[in-house]
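Okay, so subunit A shows up in both of these, paired with subunit B first and subunit C after.
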Partner chain A sequence: MSEPALALENLEVHYAGVPAVRGIDLEVGEGEIVGLVGPNGAGKSSTLHAVMGVVPPAVGDIRVRGRSLRGFSPERVARLGVALVPEGRHIYSSLTVAENLRLGFAARRSNDGLAADVAWVESLFPVVRDFARRNAGALSGGQQQQLAIARALVARPDVLLLDEPSLGLAPTVVETLFATLAGIRERGVSILLVEQRAQMTIAFADRTHVIANGRLRLTLGPGDAGDTDKLTAAYLS
Partner chain B sequence: MRRVVSELGAPVILVVATALITGAFSQAHQLEFENALVMTAIVVALYVFIGNSGVISFGHVSFVAVGIYLGGILTVDPQTKTFTMPGLFPYLRHTDIGIVPSLALAAAAGGVYGLAVGLPLMRLSGLPAGIATFAVLGITANVLYYWQKIGPTAQTLSDIPEAGRWTLAVATIITIAAAYGYQRSRFGRMLRATREDPAAARAAGISVYRQRLIAFTLSGALAGLAGGLYVHQLGLIAPDLTYLDLTFVTLAMLVFGGVASLWGAVLGALAISALNSFLGDAENTVHVGFRLTLPTGTRLVTIGAVMALVIILRPSGLTGGREFGWRRR
Partner chain C sequence: MNWGQAIADAISLGALYGLVAVGIGLVFGVMRLINFAYGELITAGAYVLAYTGGWPAPLAILMCVAAVVALALVQERVAFRPLRRMGASPAAMLVATFAVSFLLQAIYLLAFGSRGQIVGTLGQLNSAFTVDGVDIRWILLVTTVTGAILLLATGALLNRTTIGLHVRAAAQDFRTARILGVRANRVIGLSFVVAGVLAAAVSVLYTVSNPLVQPQMGVPITIFALVGVVVGGLDRLWSAALGGFAVGFVYGMFGDLLSSQQTVYLPAVVYGSVILVLLLRPAGLFAPLHARQVERV
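Entry: the complex of A and B
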């Protein structure tokens, strides 16, 4: 049994002593898509930030293929093969689309296969090729989200962390986006997907954890997507 | 390719034009045009760090000062130095290496000083970075004012050989080309990413500290070179030449033109220099179709007002932080 791509062990995150995440255990296996849903302030983004090294974990550990990330800076975590697509996209709006994409190369561990990876990303998100010379700030919200994911993917990560990628997107665009995520997983990329759209995520991910008040309340599989009672109970707990 | 031609070509043409028309003017005006070339080199050096990183530095004139002192003192005749500055370090006292080598040395020294200052300071952003770099300026200015082993201190050192306008123009163009090459490189791109969104840049594997340090060092080297040019344009080193006045004039030029583009840096430096020069003349009567005589003091008041106006109406400067281009993206 090999090590999981990403493992959180009893993770706690505190802000000025106040706990936001209160002991989470979670694993994402190679090529798996794991969902993390929950109400606002439940600790979803804090969990991702802790993995990325943006905030240090107060207690517990984070392992990527068995290697502990404790105390690593975000840039070091990125170079170990973890990529975060932050909430609100955070593209560099005054740079061109092509420049945004190339900035994703910074975290690559090797430049072997770079051209093939770019071609793959362009086939997933044609917008990054079609609007290469345009300023990224001129793209629509959905296009910016695609660019943000494309930028993360050209770093060739093993683990992709997505923070509410559907935020502010039209429902049809969200469906396309989720379909693309399935294509990304086929390349062996493991995905931890943080979302507000609980039912859609539950139906799509291999399994979905419901987080509330900093703790995992419930784990659901795609078959449970219709079970709103369980979900509501977890949200309100 | 077309992009390179217009983005690099436009500032270079402006500098060449400035050098060309210099010859058409009287001696006094030639000095002002030459000074405009030097200011351009200083502002471009500032731009490399401030423009690409978005972090303010009030300390860059320190690196200009290193260039001025090293470039000036190493080109003065050793016999003269023995008389005028007997306290100088033996190497500085006995050496005369000529203008062009002195420029190379000024650039190297500016880069080393930039690296030394940047190592502890590049962790800072915003106001703390401004204050810390300002402290560096204060230290540098005071050491230069009091330490007799490295310069003329409170005296004025004259008899420094002067460089011709083409030497100044070529060195300024080299500065511009270096700045452009840097900003198009992956390092420049990574630094601009940290300016746009430091959190996203770090999450993408970019070390903000390292990218800032690279730019600060390059910027220090270019500022050192510009200092070497300055001393060979003026032909003298005067106390307090490299303190608050030069710091704020060059920063104002950069802000006026547009902090975020090379084109803005060049345009701002030349535009403010031209305005400065014209108003200086007008205070002593100038003919512009009619006799124009402005009261003494008009120059600084007008420049201050124009700058305030530009910043109110166009906070991102004349160029809006864009490079020169025929098409607007």
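Entry: the complex of A and C
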């Protein structure tokens, strides 16, 4: 039996002793898109930060293809094939678009196929080619989001973590973004999608976990997208 | 003393302090840490030169660079990295750099004595050539040219190479850089190595005009360069370099033009102008108008 691309086992994250994530189990299989939705402060970003090694897990474990990430620094996690598109994009506004993209190469395990990967990313997000020499700070919010995803993809990750990629984007742009994520999955990338837009995520992802107060309350499939009662109950729990 | 000579002195002193300012600014950019023990790197380099007086100059200089870079890396590994790992506050890190500074001064005192050692390396550069009736010592020219070359080389390293790109990214947003796979230790190590090379260059150039090496030699150099860094603006390397140059230039200029009775007031005037700059342009004299304010510790 093959190991899941990403597995969280009884994960707890504490900030100064205060629990933000209180023991969650979650798996993302190879080529799967798994959603994680929930209200503000539910522990969504903390979960992603723990995976990236930005905060150490207080309890539990995180495994990538069966390998424990305990005690790994963010750069080591990145070099193992996990890429995070952080909330708020965190684009380097004083660097050019091309330089931002080049930073994504840092986590690559090999430079084989680099040109092909860049070409693929440029076909997904033409803005990174068209505005290559422009300062990234001059891009619109949606373009910056595209650059942030492009930067994560050129690292050629096995697992892509997205932290509220639709934040601040117009609804039509969000639809395009989700369609692009489906295309990224076609390349075998496993995706953990953290979102505020619950209905859209539930309809889109293979399955979606609802997190509230640091615990998983509910797991929904695309068929449950219309079932707002369950979702509301989970949000309020 | 005439104007031509004063300007020549001022430019070379400006280049020297520009180098120190970049060395301090580079580490600050990546770590948000002002390394007060930077001057002790310069002192270490000067001692190496003093004790390799009989060697051929290139060999002595090579030894000096190697020793200073090694000491810079030791500072990072032994003092700053463990604190960084523990998540020490910026204030604690700053105090640690004071501790390292005093520790090194005490070690120099015990090892080399308080009376001072004399550096003879490149002493021949104190001879002068004459342009339009102005006597210019070779060291002034060498300092200015070396300073310019090293600053340009540092700029090229940062702007033209991948590791340089990583350093610039880390200076802007360290956490995101690490998430992208930029190796923190490597980027910090590189900035300490470059800072060490610049410190060694200052050791070589400074001791030609000031051959007496004492344990505290590096302290006023650091403080003065820091004045330049603060005046120029910490957030960009070139503004820090310009600030260092400006302070060195002003000091060299007035040091030459004023009588010794008047020069005793010079440090007071320089420090007073720092307070003024911080009040009026807290982001620095050469920072862009709308610059985001740098967190100062």
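The definition used in the following text is that the second predicted complex is superposed on the first by the 237 of 237 C-alpha atoms of A that agree within 3 Å, B and C clash if a C-alpha of one lies under 4 Å from a C-alpha of the other, contacts with A are read in each partner's own complex, and residues count from 1 in each chain.
In this text, contacts are C-beta pairs under 8 Å (C-beta built on N, C-alpha and C of every residue); 3 or more make two chains touch, one makes a residue touch a chain.
In this text, all values refer to a predicted model and were calculated from it rather than measured experimentally.
Asks: Please tell me, clash or fit, for subunit B and subunit C sharing subunit A in the overlay.
Replies: Once subunit A is superposed (C-alpha atoms), there is a clash between subunit B and subunit C.
Asks: Return first, second, both or neither, reflecting whether A:Pro74 touches subunit B, subunit C, both chains, or no partner chain.
Replies: After superposition on chain A, A:Pro74 lies in contact with both partners, subunit B and subunit C.
Asks: Pick one for A:Gly104: touches subunit B only (first), subunit C only (second), both, or neither.
Replies: In the superposition, A:Gly104 touches subunit B and subunit C alike.
Asks: Is A:Thr96 contacted by the first partner subunit B, the second partner subunit C, both or neither?
Replies: The answer is first: A:Thr96 touches subunit B but not subunit C.
Asks: Touching A:Pro86, do we find subunit B (first), subunit C (second), both, or neither?
Replies: Both: A:Pro86 reaches subunit B and subunit C.
Asks: I want to verify the contact counts: of subunit B and subunit C, which reaches more residues of subunit A?
Replies: Of subunit B and subunit C, more residues of subunit A lie in contact with B.
Asks: Quick one: classify A:Asn135 as touching subunit B (first), subunit C (second), both or neither.
Replies: Touch partner of A:Asn135: subunit B, not subunit C.
Asks: Just to be sure I follow: which residues of subunit A are touched by subunit B in one complex and then by subunit C in the other one?
Replies: Residues 52, 54, 73-75, 78-79, 84, 86, 90, 92, 94-95, 99, 102-108, 151, 155 of subunit A touch both subunit B and subunit C.
Asks: For subunit A, which residues are in contact with subunit C within the complex?
Replies: Within the complex, subunit A touches subunit C at residues 52, 54, 73-75, 78-79, 84, 86, 90, 92, 94-95, 99, 102-108, 151, 155.
Asks: Over in the complex, which subunit A residues touch subunit B? Could you list them?
Replies: By the definition above, subunit A touches subunit B via 52, 54, 73-75, 78-79, 83-84, 86, 90-96, 99, 102-108, 133-135, 138, 151-152, 155.
Asks: So in the complex, the part of subunit B that touches subunit A is made up of which residues?
Replies: 186, 189-190, 192-193, 196-197, 199-208, 260, 321, 329
Asks: Quick check on the complex: what are the subunit C residues that touch subunit A?
Replies: Touch list, subunit C to subunit A: 162, 165-166, 168-169, 172-173, 175-184.
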